[in-house]
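Encoded as structure tokens, the structure appears first; notes follow it.
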Amino acid sequence: MDRIPLVDYLVLGDDPHLVANECTSCGARYFDRRSACASCGLQDFRTVEIAGTGTLRSFTIVHFAAEGVEVPFVAGLVDCDGTSVRGNVVNVPPDPEHVTLGMKVRLTTVPVGTDEAGVEAVGYGFEPAS
Amino acid sequence: MDRIPLVDYLVLGDDPHLVANECTSCGARYFDRRSACASCGLQDFRTVEIAGTGTLRSFTIVHFAAEGVEVPFVAGLVDCDGTSVRGNVVNVPPDPEHVTLGMKVRLTTVPVGTDEAGVEAVGYGFEPAS
Amino acid sequence: MAENVWILGIHMTNFGKHRDKDILDLGSEAAIGALQDAGVGIKDIGVLGAGNLMGRGGFGQLLQKQIGQTGIPVYNVTNACATGATALRVAIMAVKAGETDMGLAVGVEKLAGAGLLSGNVRAAEGGHWVRDGRYGAVAPLDGRVGTETMPGVFAQIGMEYGHRYGGADFELFAGISEKNHAHSTLNPKAAYQKRFTLDEIMNDMMIAYPNTRPMCSANCDGAAAAVVVSEAKLRTLSLEQQRRAVKISASVLTSDPYQEACQVLPDVNTLTRQAAATAYEQAGIGPEDLDLVELHDCFATAELVHYDNLSLCEPGGAVDFFKSGAPWRDGRTPVNVSGGLQSKGHPISATGIANIWEIATHLRGEAGERQIADAKVGMAHVIGLGSACGVHVLEKSAL
Amino acid sequence: MAENVWILGIHMTNFGKHRDKDILDLGSEAAIGALQDAGVGIKDIGVLGAGNLMGRGGFGQLLQKQIGQTGIPVYNVTNACATGATALRVAIMAVKAGETDMGLAVGVEKLAGAGLLSGNVRAAEGGHWVRDGRYGAVAPLDGRVGTETMPGVFAQIGMEYGHRYGGADFELFAGISEKNHAHSTLNPKAAYQKRFTLDEIMNDMMIAYPNTRPMCSANCDGAAAAVVVSEAKLRTLSLEQQRRAVKISASVLTSDPYQEACQVLPDVNTLTRQAAATAYEQAGIGPEDLDLVELHDCFATAELVHYDNLSLCEPGGAVDFFKSGAPWRDGRTPVNVSGGLQSKGHPISATGIANIWEIATHLRGEAGERQIADAKVGMAHVIGLGSACGVHVLEKSAL
């Protein structure tokens, strides 16, 4: 079955991982396409791989969201070896007893759905790594 | 059958006419509700009747309009004895041979439609007065 | 050196539900109120800064048709929740630039019943996946890659502070909300004037942990307006006008400088710290001189970080600052004695002028039951995501 | 007396269809182009005025994320078709107010294929009539009480001039369009660079009599940006920068003062006349000193009235002025040598900076094939309904 990543910066395959556009001048990293670097203003980027493990630096447990979004879910901010990544914290009960600041997490993939052509979209999240 | 005017400033009945909110201080006239007078800033208004005949001071013949608007139609600006009124020019072929700058026109009513409760909405326009 | 600019008149409508009033009614009420408070008329005004986010555009000119069309330049501005402060800044800049000696700024919003304001509204696509936007996303990211809801974003902002410095737990955040709701009981213009216990707050409906419903800013309708004047012009006006005028000792607007994590979680800290530092320098005062502060508590979790960002406490000391009782109205640095956005309400574009109204009203000694005694200097802070931060320092007239 | 402000760098993207570029690509291209033209970097800039109407808001901050987040104040502004000029005015005011010595203004729009821009979008109500709004209307008024389409509104504005002074017939209006399309053939950045005969224009599709399709401004994509600098700062820069800098001799923004008929037909005349009169006074010049004019020909019918409003002719003399050949590029006062909005295109928020780019390019002697020889002084005019009018007078550097 064909698979497509939810976002361009998610690379699927045997070893799913995130990539970023890194400014070759100042090292700032961007998950989206940038016309120039928001940090230094230069316009040359290279692709770099982001570490797949990290520390949960912040989170919230969302109980009210836009229509079509399943709640509750845990939205988090993960420090992946110096690069901050946004993602849901998955494979853990969504409550403050099980999700704690500073916990170790690792990248994992999450199914998003399948379109009429049979292509599966795949997203990502972070799960407890301990 | 019940009738309702298309706009508050159209008074139906035996002698359909337009009314305006006139500033009691400077005489400026408004067809809509104003918090204060755009001309002098004061806040006291009285209702006045607008003359039912006038001169066509400007017009356009609209051939492209939003969905649901019947084209072509003539949109005009009528000088009713010193008060400028916006309205369609009706009961005349919509072409520049029949609609001319400076022509004399008079107010008339125009059916808008009937709702499910059987109430007929009535608008206004200006027709040649000669 | 450009000359000083003063607030000559200022007005805020009641915040809450105004079913029978549109944005023009509310904006007119605020504008006419500010003109009357200033003792001037629309023909004295040389520039209009106008803020409204949710309307159909062109608010400033629509407002002129309700209060007087005098031909003056109109600047319709937007800066998310900092829109009102931005409108005020434009009026101040026009005066400082010598383009006029008197300006009007108006902010208004109709938000009652608006529900959750969420970022991502892209509809899911039928048929087949289509990559869209600068992330090449095949589906909406809200809920799939973190959250774009405001309660959730600001929850993370508060939690991150907790991670860095410790001590910021659910109860602490709820306590901040308890304070603001308690303050609101003295503010007749607040949308909600109800005191809540800590238990009530913690057991209310959870929106985005740790923010429960009473810990979120209240969507409501409202408007606020201010008349600003050059110091030279002010000195030609009546003694009463000079006595009630409030000096704008600092007026600062910033955006967020690049920071490592700002692409994944809005950084409301750096731009606020920079705005505050610049404001203290402009005003020639320090945080210890502030008699009261209105800061942008769009969520209880936000108020905590701004104690630190505005230097009301030592770096990292916001939790201790709150626990000491300092930001209560009888504390060392009263914060949000109006009740804050959580109880006073948050009609977006009005907020950045309404907080200045609150400070000005205390400096004039006209705050009634909730007056902070002998208030001489105050600070008003507002932040809109994107981001924009406005900080104003106001001083009681010594003219 | 506030100091003079200059344009240090300015850039305009090609106007037309940019299928693979979003507003950030276009805005970045314009902004980076203006910075490069100015010989400075984003870190030299102290204020950002940002204009975009059709996007989702917060354009200025989104742009910063593409060209550099430096913490500077951002003003997102709107003023209908005068949005670009308003962004520029904010940057100029910040410099005049002494808040910074260099500012950036950017305007961008994606409009290609947008179709007719009409005012009234209220859906007809099913069931029963409901009175709505300040007219208590039970149904949309567009088409029932006149027209709210732009081609129709501006057709009436031109026809009213004809009623007042005579001589303005269909052929005359079409002739204005013939001129602008002829001019466009020399402008490689114009969305359309095709010459039309008078017959072709008059026999094209009628939109709103007397405006046929080629007589209407072209919806398209595009961006423009300008770097402004204080005169004091400019004098510290290189001789090359000083030589290419363009002096802003006048910068004026007005709104429409009350006039009897303005509630039923937007009055684009009075505010333009006031803006022009103020601009001539600020610049210390008269219309006879203008080497070229870019004016807001959103429709052929609009260009006629602005000959008069900008005092390019005697009062009431616009028809004779046009018939004399004066506004052709080889005439006495060349008007819209860029091709104007009818051929260059009209990406709304970009327009009020793009017209200044056109003038500046001639004053610098860099306009290539369409250069107006020895141009020393020019005027750029823009108007947005509601209304807002921006007029700038620019002068070749004498530094």
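Should a chain be cited, it is by its letter among A, B, C and D, assigned in written order, with residues numbered from 1 in that chain.
Going forward, contacts are C-beta pairs under 8 Å (C-beta built on N, C-alpha and C of every residue); 3 or more make two chains touch, one makes a residue touch a chain.
None of these values were measured; they are calculated from a predicted model.
Two chain pairs are in question, B-D and B-C; the one with more C-beta pairs in contact is B-D. The most distant chain from chain B, with centres taken as the mean of CA atoms, is A.
Inter-chain spacing, taken between the CA centroids of chain C and chain D, is 34 Å.
For the pair chain B and chain C, the distance between C-alpha centroids works out to 43 Å. Those residues of chain B in touch with two or more other chains are numbered 34, 38-39.
Among all residues of chain C, those that touch two or more other chains are 24, 64-65, 68-69, 133-134, 258, 263. Of all residues in chain D, only 116, 118, 120-121, 124, 126-129, 131, 133-147, 149, 151-153, 155-157, 159-160, 162-163, 170, 205-211, 258, 260-261, 263-265 touch chain B in the complex they form. Against chain A, in their complex, chain D makes its touches with residues 24-25, 28-29, 32, 41-43, 64-69.
Interface of chain D with chain C (complex): residues 1-2, 22, 24, 48, 53, 57-58, 60-62, 64-65, 68-80, 86, 89-90, 93-94, 96-99, 133-134, 252-258, 262-263, 270-271, 274, 386-388. By the touch criterion stated above, chain A contacts chain C in their complex at residues 4-9, 28, 30-34, 38-39, 57-66, 68-71, 73, 75-77, 82-88, 96, 101-102, 110, 112-113, 115-117, 119, 121, 123-124. On the chain B side of its complex with chain C, the touching residues are 34-41, 43.
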